[in-house]
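Next come two complexes, and both contain chain A; in the first it sits with chain B, in the second with chain C.
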Partner chain A sequence: MLKSSFLKAVAATALTVSTWASAHAVDLQFYFPVAVGGSAAETIQELTAEYVAQNPDVNIDAVYAGSYQDTVAKAITASRGGNPPQLSVILSVDMFTLIDEDLIVSFDDYLTSEEDKEWLNGFYQAFMENSQTDGKTYGIPFQRSTPVLYWNKEAFKEAGLDPDVAPATWDEMVEFGKKLTKKDDSGNVTQWGVRIPSSGFPYWLFQGLAIENGVILANSEGNQTNFDDPKAVEALQYLVDLSTKYEVMAPGIIEWGATPKAFFEGQTAMMWTSTGNLTNVRDNAPFEFGVAMLPEKVQRGAPTGGGNFYLFKGGSDEQNQAAVDFVKWITAPEQSAKWTMATGYVAPRPETWETETMKQYVEGFPAVLVARDQLQYAKAELSTYQNQRVTGIFNDALAAAITGTKTPEEALKEAQQQADAILTEYR
Partner chain B sequence: MNSMGQTFDRFLNTLAAWALALIWILPLAYAVWTAIHPAAYEARFELFAPLTYDNFVKAWEAAPFARYFLNTFILVTMILACQFFLCTLAAYAFARFEFPGRNVLFALVLLQLLVMPDILIVENYKTMRLLDLVDTIPAIALPYVASGFGIFLLRQTFKTIPKELDEAARIEGSSFLGVLWRVYIPLAKPTYLAYGLVSVSHHWNNFLWPLIVTNSVETRPVTVGLSVFSAIDSGIEWSVINAATLITSGPLLIAFLLFQRQFVQSFMRAGIK
Partner chain C sequence: MIKREWIYGWLLLLPAMVFLFAFTHIPAITTLINSFYSTPRGRRPAKFLGVDNYERMLADPVFWKVLWNNLWFAIGTIPVSVGLAILMALWVNDRLAGRGFVRMAYFTPTVLPLIAVANIWLFFYTPGFGLFDQITGFLFGWSASNYLGNPETALNAVIVVTVWKEAGFFMIFYLAALQAIPVSLKEAAQIEGAGRWIIFWRITFPLLMPTTLFVSVNAVINSFRLVDHIFILTDGGPDNASSLLLFYIYETAFRFWETGYAATLTVALLVLLSLLAIGQFFFFDRKVHYK
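Take a look at the complex of A and B:
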C-alpha cells in the first residue's frame, strides 16, 4: 500500500502526463466477501491490481468484507453512514432487500449502447433471474454456484451398481440408496445412501427438489411465495421419506459443513452440495468420485446461488461509469476463467467456456461441465422482499418437518401464512 | 455418619467439577488435536496419528497475521488505557463527591449497560466519519472507551474503601487527585486486574464493528484475519481453522495460564466485596 503510493508519487513527479492522469483519477471502493477457502481474496486483489495497472485513470480499493452476511452489514452501515462503496459483491438473494433499503441503482443507466445490451444478454439466463426485477438489472453475476450430486464410485461398485451411472430420477436415488446403505451386525448404519444437508439454509437444497417437482417457490417480483403448493408439500414429503420411510439418509438435521467430510470418510455414498466444493472433493476424496446433475421428478432442476455485483447509490456518474467498466472487465472471458479456476464458481458467461484456458481446465477436470450443463434447468434462488425473515420462516418450517415435529403439509401451510403476512405490503 | 455424608458430598463436588472441566476443555482439546494432525484425522482419533505443523503454516499464510497481531495489540492496549483513565475519574466522582444531578447521571451510565453496542453501529459509524476516523485503529476503540460497566465496577469498589483512609490522607494534606492516586487506586488493584481481563478478552475477540469500520490490512485486528476461513461454499477445513484459532487465541491463553492465580484471586476478591 505505502510502497505503491510511493511509486505513484515518483512516477508523478517524473512525468507530467501521469501527474495529470492521477490528479483526475476516479477513486472507487469495492467490497467483496469470501465464501470459499484458499486464496480467493488474493485472486480478487490481484485482478483488481491488474486492472488498475492497465487503467491509470482509475483507482480501485478492493476491501475484504468477511462473509456474505458481514459484507451486506458493512455495505448497509457504510451507506447509512454516508460513505457507501461504489461496488460490492453481495448475495444475489439480497437484491430485494437492497432495493427496499434504497441503497442500490440499476446498471441500465450505464449500459445504454447496443453493444452494452448485447453484453448483458451474454450471461446465463438462470443467473440473471436473481439479478433483474421490474425490467431493470440490479445485479451482475460474478461468484455463482449451483448444487450437484457427488457419488462415490467405489461404494457403487461394492453395492453392485454401475460405478459410472448416477441416479437420474428420485425413484432411482431411493433404489440406489437402499443398495448403498450398509449396516453392521448390531444394526447400526455404517454407510448411508445419500446425504442432503439441512442445517443453516435448508431452503437451498430443498429448492432443488421443489424445482424438480415443477414448482417455483417465489415470483420474480419478490412479493409472493408458493410454500404450500401441493408440489412443494410432495417434495418435502420425499425429503422426509428419505430418512423415515426409505431409510437411506440419516434422520434429523444434517450438518452442511460436515457433509464433504462425511463423504470422504465413507459415511455416505452420495451427497448433494454446492459446485463450490469441487476442488475440495477432488483434492481430498480418497476414492474415485463422479459428479452428476440433481435427479429429476417431472424435470431436471436446481437453484442457483452465490453473489452478484451491485452498484451503490451515492457515487458520481463518472464513478458509476468507471465501476461498470470494471465489472465488464472482470467478468470478461480471460478474467472470469482465472476466477473460476481459482475458486470453483461457475463461469457466468458462455463465452468464458470457449477460451483456451478454460478448455484446458475442463479437459483435465470434466466434472466442472456438469454444473454448467445443469444451468439450462436451473431457476432463481429463493429471494423475496424482507428476504431474511421470509427465508427464516421457511427454513424453520423445513426443519420442523425434517425433525418430525410437524407434518410437511402443516409446516408449509403455516410458513405460507406467515410469509403472506409479511409480503402483503409489497404487493 | 456425618463424616461419611461429608465425604460423599465432597466426592460429588469433585466429580461435578471434573465433569464441568472436561466439558469445558473438550473443544480446546479437539482444536489442538485437529491442528497438529493432517486433515484425514479430523474425525478419526488414533493415538499414533502422524503429527504435522503444516496446518499452522497454511493458516499463518492465509492472512497477514503478523500485522493483524500488532493491530490487535495496539487496539486492546489503547482501549484499556483509556478505559482505566476515564472510568477511574468518573467512578471517583460518583463514589465520593456530592454534586447536583449525580444520581441521574449515574442512572444514565447504568442505562448504557442495557444497550447492545450492535444497535449503535450505524450511529457510531456516522460519528467516526464526522471525525474523519474511518479506517483507523482509534475508530475501533473510541465507542468503547467510556465503559459503563467499568465505571459501575470501580464505583462499587471505591465505595467499599473506608472513608477514614480518605480522611486521614486529606488531613495529611493530600489533594483530591492525590487521594485517588495513593489510596483508592492501590486498594482497587484486584478490580482493575479483573476488569482488565474482561476488557482485553472482549476486544481481542470483537469482530463485527472492527470489520465494518476498517478497510485495510494496516488497521484490522486478528479476528478479521480469522474470518477468511469461514468458507461455506467450498467445504470447511477444520484442521486449518483450528490451527488459526489457536494462533489467534494463543497469546490470551498463555497470558491467562501464566497469571491465572492472580486472575482467579482478584475475581474472588472483587466479587466478595
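Take a look at the complex of A and C:
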C-alpha cells in the first residue's frame, strides 16, 4: 500500500516535471530597438506576450535594446561574448556587417517547404532587396519605412498654389518652393519652401534624389559603390542648389529631430521625412497637411529604411525553428496591422492591407497609402560590407558639399576612392 | 616580524591594485598589443600588421582634423572656464544679497547630466524657433542662424556648452580655496594701502595656485574626455568639423567596428595624455608650492 502510493507520487512528480519541461522547452531571447516615438516598445512586448500565451512550449524574452545603433552594438558584443540572442531586429543595411562578423544564419534552412517559400515571396520586393544576397535570405522585413513629402495645405493656398497638388518633379519643387518662400521686410526668411534634413545621416534622403535621377548607390553584393556617378553628382548639385541657387531651403546642415517641429511652426511649407512620423504629424500639425510621393527627375524613387529580423548563430535547431515560427506569426496580417497602426511603419506584406482592420484604418486616414504605393518605385537602401564605415564616409562627403567646403564632384570623388579602398578586399 | 609587515602592506594594497589592473593597466596593455593587429572579423581572424595601423593613422586626414579640433577645444574651454570660475567664486565669496541662490545657480549646470544639458542647448541653438534665434530676431531683427549646421561655428557652439557646464564645477574648488585664505593677509594689505586689484594679483591669485593646478589638470583631462554632448548636438558633423579624438575613437570602434584601428587611435590618446600629465606635474608643479 505504502509502496504503491509512493510510486504514484513519483509518477505524478515525473509527470509534472515533464509537462513543466515541455512548457519551457524552448527559450528565446529577442532584442529589439525603438527608433520612433509612441508606443512601439509596448506594442512589441504585448505581441510577444500574446504569442507566448498562445504557444506554451515557447518562452520569449523580448529585450528593449535602445536605438538601432545600440542594438547592433549590443548584439555584436553579446555574440562575441558567447551569449548571442536567438533573434534580433537590426537595421536592414547592417546585413553585410553581420555576415562579415559571421554572426547570423540565413532563414532558408528553416523555410524549406513550398508553403514557406510562398510566404517568403509574400513580402514587398522593395523590402527584400536589402534582405537577400547571394540568393539567400538573411533578413525578414519588420519595422520598415520609406520617406515621403509632407506639405502644408494652408501655406499652399496662401501662396496661390492648388492646396491639393504636391510638386511632382524636381523643377516643380523648386518652382513651388520659390512661391512658398516668404521674407519679412528686412529680408529675413520667415518660411522656407522645402526642408530636406541632413544632420547625422544625410545619405538616407539623398538616396531618394539619386534613385530619382536613375542611379543606385551600391550593388547587391555590397562590395561596389557608385558615389561619383555623374548622376549622383547631379543629384547632389540639385540638393546644394536648393539652398544656394534657388534659395528655397535653409542653408547648412538641417537637423532631423527639429524637422517636424519646424513644419508645425510654419518654418517650412514642405518637408521630406520618414513615414514613421505620420502619426506624429497627424496628431500635432495645427493645419491641414498632405502626404505625397517624393518628386521625380527621370523616374519616381525612394529608398527604404528600417529594421529586419535576423537569426543569430549559436541557437539550437529547435530554437531557430521556434524563432522562425515567431517571426512568421508576428508578420502575419493581424499582428502586422496592429504594429503598423501603432507606429506608422509600412506593413511589409500586401496581404496585411487586405485585412478589415487595415481597411478601416486607411479609410479614416488615406495618407498611409502613399508610402505603400511608393514602394513600387523604391529601391534598396545603401548597404555594403563595413556598412557603417562606408556610409560614414559618404555622409561626410555629403555634409562637406552641403556646407560648401567642397564641390559635389570633388566630395563624391574622394568618397568613392575611400570606399574603394575599403571594399576591394571583398571583391 | 619584518616579513609579516611586508605581507600586510601588500594585502592593504591588494583591493585597489586588483581594480587598477583589471580596469586600467591590463586594458591599456591589451590596447597597445591590439594596435599592431588587424580587426578580427567573424570570417577573418586578426593578423599581425606591424606598424601599418600607425602609418594609416598618420595618413588619415580625419585623425589630424579631430586632433586639431581637440587642440581648439582645449584652448577654447580651459582658460575661459577657469577664468570664469575664478570670477564667479570671487563674486559669490563676497557678501551679497541672495548669495546662496547665486551659488546654487552657478552650480546647477554641474549637477545636470551632460546629455540633458546637450538636449537643452540643442533647443537653444535650433535655427528659427530656438531660444537664441528668437532673442536675436526680436532684439536686432537678425535672420535665422544655423550654429550647429555650419562647419565654421559648430565646434565653437560645442565649446560654449562645455564652458557653461564646467565653470560652475571649478568654481566650487576656488570657493573652498578662497575661504581658506586668512583674512588677516587682506587686512594687512589694506592697511598698507593696496587696492583691490593689487590684493587680488599679489595675494589671492598666488595663494590660489595649487587650486589652479588641480583645476587645470582636470580641465585638460576633461577636454579629451567630455564628448557626450557631441552625440546629441552635432554627431561630430558637419564633415567632422566638431568631432574630437575620443568621439572619433568611439565612432571607429563601435560604429564602424574597426577595433584594431580604434586601438591605435587609443594609444595615440594615451601617449598624448601621459605627455600632458608629465608636463603639468613636472614643470607647473615647481611654481606652485611655496607656502
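The rule is simple: the second predicted complex is superposed on the first by the 404 of 427 C-alpha atoms of A that agree within 3 Å, B and C clash if a C-alpha of one lies under 4 Å from a C-alpha of the other, contacts with A are read in each partner's own complex, and residues count from 1 in each chain.
Simple rule for what comes next: a contact is a pair of C-beta atoms (placed from the backbone, for glycine too) under 8 Å apart; a residue touches a chain by one contact, two chains touch by 3 or more.
If you're wondering where the values come from, they're calculated on a predicted model, not measured in any experiment.
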item: First (chain B), second (chain C), both or neither touched by A:G392; value: second
item: First, second, both or neither for A:V34, with chain B first and chain C second; value: first
item: Touching partner for A:S199 - first (chain B), second (chain C), both, neither; value: second
item: Touching partner for A:A73 - first (chain B), second (chain C), both, neither; value: both
item: Contacts of A:Y246 with chain B and chain C, given as first, second, both or neither; value: neither
item: Touching partner for A:V63 - first (chain B), second (chain C), both, neither; value: first
item: Partner chain(s) touched by A:V189 [first = chain B, second = chain C, both, neither]; value: second
item: Which of chain B and chain C A:P260 touches, first, second, both or neither; value: first
item: Touching both chain C and chain B, counted on chain A across the two superposed complexes; value: 73, 200, 257-258, 261, 265
item: Residues of chain B touching chain A in the complex; value: 39-40, 42-44, 62, 121-122, 125-126, 128-129, 134, 207-208, 211-212, 215-218, 224, 227-238, 240
item: Chain A residues touching chain B - in the complex, by the definition given at the top; value: 1, 29, 34-39, 41, 61, 63-67, 70, 73-74, 77-78, 80-83, 145, 200, 256-261, 265, 273-274, 276-277, 279-281, 284, 286, 305-306, 343-345
item: Complex interface listing, chain A residues touching chain C; value: 69, 73, 76, 97, 100-103, 186-189, 198-200, 250-255, 257-258, 261-262, 265, 267, 386, 388-389, 392, 395-397, 399-400, 402-403, 405
item: Sites on chain C touched by chain A in the complex; value: 41-43, 62, 122, 126-129, 137, 141-144, 146, 148-151, 234-235, 237-241, 251, 254-258
